[in-house]
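Naming follows writing order (A, B, C and D), and every chain is counted from residue 1.
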């Protein structure tokens, strides 16, 4: 499947690497290997490594680590660049890297298939998948009917001590959600007051801040709390794949949608190979594979036969209109305020 | 203020037997001394009394209480360790005060008594020093003071004066004795200094290789040793192998192999120790009993010889006289000035007074 | 001119020590300090003004929290470690050796999974509270850990081995006749311990307190996992960094180091007031005898009990590794056990690579700290020179700083060529990690070696010199064998930690030297807690094997000196 | 095989002056002894010779080489430490072999020599023991063997026999002397045992509080002490405060305050030490010189008294005679059996022989 997919993709795009039957030919003008930094985990990476190596006959090496760490590391290796491709991180990270001049421009062959929400205006990065945020609940404790339907339901006092929240400062997902909650009113009023009040109420209902997702899942599954906010693909994956008793609700008023992307690192030592890989992971076939097997919602609008959970939800997802540039500018300040003022006032110890 | 009763005590370290089948009864208020060669088990015995070792076999009693396995802190003994065992993190004062503090004595009283005892061991000026800044003898005196200050029921002193000079040792001896008599503290004393042992002790036990050879008062031990080991170990002596050679009215005759002649000995229990037929016999005569003279002397047991060496030891002068190529005897005379010393090489006459000879059996191994 | 030979020797000893410390500790640290005086790239005191001004509320609170949490951690670690060390080293009873080996197992627990194992064990949804609840038919769990109590418990559990090991090695050098003298003077066991043994162990305690205080000042996993909202300085640093405010992070690091160093100076002063060299005459190492059967069996029972508690987290880890994915989510107890996680793990082709990497790098680093640590410690304890305090501070800095900061320091210092990296860029190469481990764990060896060296009577060394032995020969044949227990315990600690090291590894590893901890982290990130646990078990097993071997072959020699 | 020359040595520890302005020249192959009370600076001086302390002031020379700051391992001295300083992690054999191993001696040779020296100190059976399993005296002998086996140029012995019994001590003394003479090792010896000092030494230095009082041969020191400190410190003596009272042809007269009468003393340098007008004077007479007799005796300097105490010390018997309520003197006689002891309370006559009295000045502080 990978082999035929690769062929089609090249037909459609006419990338620099020439078409041709043999693998040897494909690897012709590529460097001997490509180095990928990615937070996608060894399952996906291993899978793609095998497929890519089969297709191009060159080695793919990967470092599997968190997106924040990738940013740190690319920054620290600036003088001695090791990585070719950075695959997978929320767009804020890419924006930051772009600001620091860590990325190289590349406009992929499938540029047309992307909504302009999903790429950088300078083609420093492009989106590969999107991640809507949802309200996730323990369906052993709460029935579908009982579950909150929208963000504002979460601050209802009846959920006192029912929320388990991933500690927001350390999590891109949570930062986005928190910032979005402020931004909802801020965009009109230019004032954070209402947003802060909202967060304060949320803090009231929060029983525990979890340091990592795994702990959050555990606490939620075992009924220590029964509600959280999290991203949709993980919620689906946890329920279907890992047997967690989780259900999710797409907030009625709309939800922030994160874009995960890919970028080529500036001064990449294996540029040609990097470009090949860049293309390779976002062919429709690859996108479909990612969706089916790894619960990623593609950004390309030309992928067909997607799994049911995506097609079903597609209509319910109402992307919140977000000014990401503003987000990036303000979110540190907002989170700082939350950390110092809001959490402080109410929950000293997190106990 | 206790008796100490050791019955049938044996102590083994793995395969080494340090003390074997020891029976001792030390009386209330007695000053009892252990004497014996290095490694004979003195410290080990002391440590069993203090409670740091438990006997492999046997029972330790204080008065009538069985103490065999009572922990050390409940025995109220005061010990001076052979290696001092001073607390390095404390000053001299704190070291000495330790036992009093444990006994919850008031601050002033402690201070008073510590200062008092430090004065007695001549260390009052050193009270605030760290012990690592003291000389060897000073450290030893701290150890002594520490044991004395608590006025224990039983005082265990393991060579407590070995690093002191003669004068200080005299003073300390007097001090120990004074305290011991004043509070009637039962005292067990280990020393290698015979003068110390003989002058201080009420009774002495002589050990050899983990076994007790003789128990007795100092004069008994010195004048009436039960065997050649004790005779030789306590004080100087000349030991000659002998065999019985006849019995007179008030005397016995012994044949001395090395002299090739007979020697006459008074037939009293003072001069002849108990022995059995199978024992090898020895003649013991102390150097100070031997008369060495340049002129022929009258009396029994006079033999000619030649002065080999004259040794000056302070108060006394030892004269080594070669009797023949197999035998040299030592005579001791008081030092009456260099003019009285015999010349080396001089022909002399040696008399072994018949009333000061003692016949002893050879010690079993 | 008077002290020529003596001084020359001190100098020869000091030069390499100072060079290495300058290059690999001072220089990187200064880089960080320098960073803290930049504001948006411009030199200023703005960061410090912020720290004590606009951000004071959070920062000072974090500082205060860090300090008292650390002090309590020291206290609790001592409360566990010292009695255990005392019991296991002083009394002969069945299984003593086994128990004493088990006692350092907590340190084997990989930090992140270890804390998670704790939560699975004692958290609100944990096995023990729920088991008790179900057994006694309670409506609520009787207890749970979390928040501050959780941090303290985890700290005490994971850090008491520092006390345990330093105390154990110091105990082995203690002249027993001192204790005998005390009990002869009428002090009961308790008093003997408090007034004689305890003070004499001061060098050991000082070492352990320093290690624990600093490591809990810099501790990350426990506060982070157990009390997400609780403010401590190490987390503040992390968040500053995450928020992209590197300069603030540097400022906070500097403050943290200053507090740690203040503690170091305090402890040095405390220790310096007294003398701990046991200079008594002869050798008094007679072992006390215990014959009381009551006491003996109490000890055994206590031992068994302690071992069970100590090994529960490991057991939990084992359970986690045996529970297949998806069968223990909402269920209170796991129901299915099999080897699926291990199978999946072993199916990956490169499974042994991280294990091998970790081992090689830990061995390299440990060899370095072993050799270098001994010399440094010797210089610190037995030599007099100007700037001794400074050197001591320098040695301890890598321990006083949070690991992440060390990592940052190294990146800043070695991502461009400089003399200490022999003109190479070290970042991105294999050698940067062993170097990081070396720097980080040097203080462990130095501290634990200091503790035994403090107790060594100088005249032993003098005797050797008097017999004509050159200084180095004396050092090799006399000093080292005597202090071996201390050095080994330090090195062993360093090894164990190096094998599981995460915070600096994550910043510095490359494709070629990926260590185990990174692999565990990656599994966790992919929510494969089972496989992470399985990997954790591999790590535990690995370290256990190494410890076993070392106690078998090296321990024998060290124990010989105990008589 | 070196001379040791200490010139103007002072050693201070902080404010404490342990040794003050010391000048000594120890000759090649000499057996030189330091005597003095506890804490007078003997160990400190020894350690400066060994190189463990550097003098605060002054120069140490071996032969003509200045050694003041040469490190210890380059001095080829062998030292027995007062606290032994055995290597706790080694067996007896390894301890003793250490110095040879350092000297890169072959395995067999080492083994031979170590076994040899261990036999000499009577420890051949203990070669494989850990040193912590030895008794105090055994440990001390290991320390001795360790220093002897390397046959050093200079041997420094700090109370090397203090924990040994008299017999063993005799043997060890003989062994040390034999080695010392055989290899002509310059030896500095510290001891508190005066008999040891007097019998073994070629010369003796007497210290007090960091200062050297007298250097001389044993007989000089004993018979002709320069002041009352030396007289009193070496051997027993009776010291009486006196003042000059006249000059005869061959004798001098001194007035003894405590006796309320005059005493005649031979006017020789043996009987009268050098003194100046300002010195306080003391009369020193050794107990063994004093004649105590139940019958009135002829001659000069006879005074009546009453026996207060008779003390048995083995070879000798001390008789304490009370002359009046201010003065008690001690006389020593050889032990010739209990029948010869005087009774306590008996009236006796005491003679102080005019040729055995010595007049000395009081020592400056």
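One rule holds in what follows: contacts are C-beta pairs under 8 Å (C-beta built on N, C-alpha and C of every residue); 3 or more make two chains touch, one makes a residue touch a chain.
Owing to the predicted nature of the structure, the values given are computational and were not obtained by experimental measurement.
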item	value
Between B-C and A-C, the pair joined by more C-beta contacts	A-C
Centre-to-centre distance between chain D and chain B (centres being mean Cα positions), rounded to whole Å	21
Length of the line joining the C-alpha centres of chain A and chain D, rounded to whole Å	92
Distance between the centres, which are taken as Cα means, of chain C and chain A, whole angstrom	37
Rounded Å distance between chain B and chain C, as computed from the means of their C-alpha atoms	55
Where chain C touches two or more other chains at once, by residue number	279-284, 286
Where chain A touches two or more other chains at once, by residue number	none
Touching two or more other chains - residues of chain B	82-83, 136
Interchain contacts (touch definition) - all pairs	A-C, B-C, B-D, C-D
In the complex with chain C, residue positions of chain B that touch it	47, 50-54, 69, 71-73, 75-79, 81-89, 98-99, 101-103, 130-132, 136, 139, 146-147, 150
Chain B-touching residues of chain D, taken from the complex the two chains share	13, 16, 35-39, 42-44, 82-83, 133-138, 140-141, 158-159, 162-169, 192-195, 198-199, 218-219, 222-223, 232-236, 270, 286-289, 311-316, 332-338, 353, 355-356
Residue numbers on chain C that touch chain B, as the complex places them	175, 177-178, 180-189, 191-192, 195-196, 199-200, 202, 274-284, 286, 288-289, 291-292
Chain D partner contacts - residues on chain C that touch it in the complex	2-6, 9, 279-286, 457, 459-460, 462-471, 473-474, 477-478, 481-482, 560-561, 563
Footprint of chain C on chain A - complex, ascending	35, 39, 41-43, 46, 61-66, 68-69, 72-73, 76-80, 82, 96, 138, 140, 167, 169-170, 208-215, 217-219, 221-224, 238, 241-245, 332, 335-336, 339-340, 343-344, 347-351
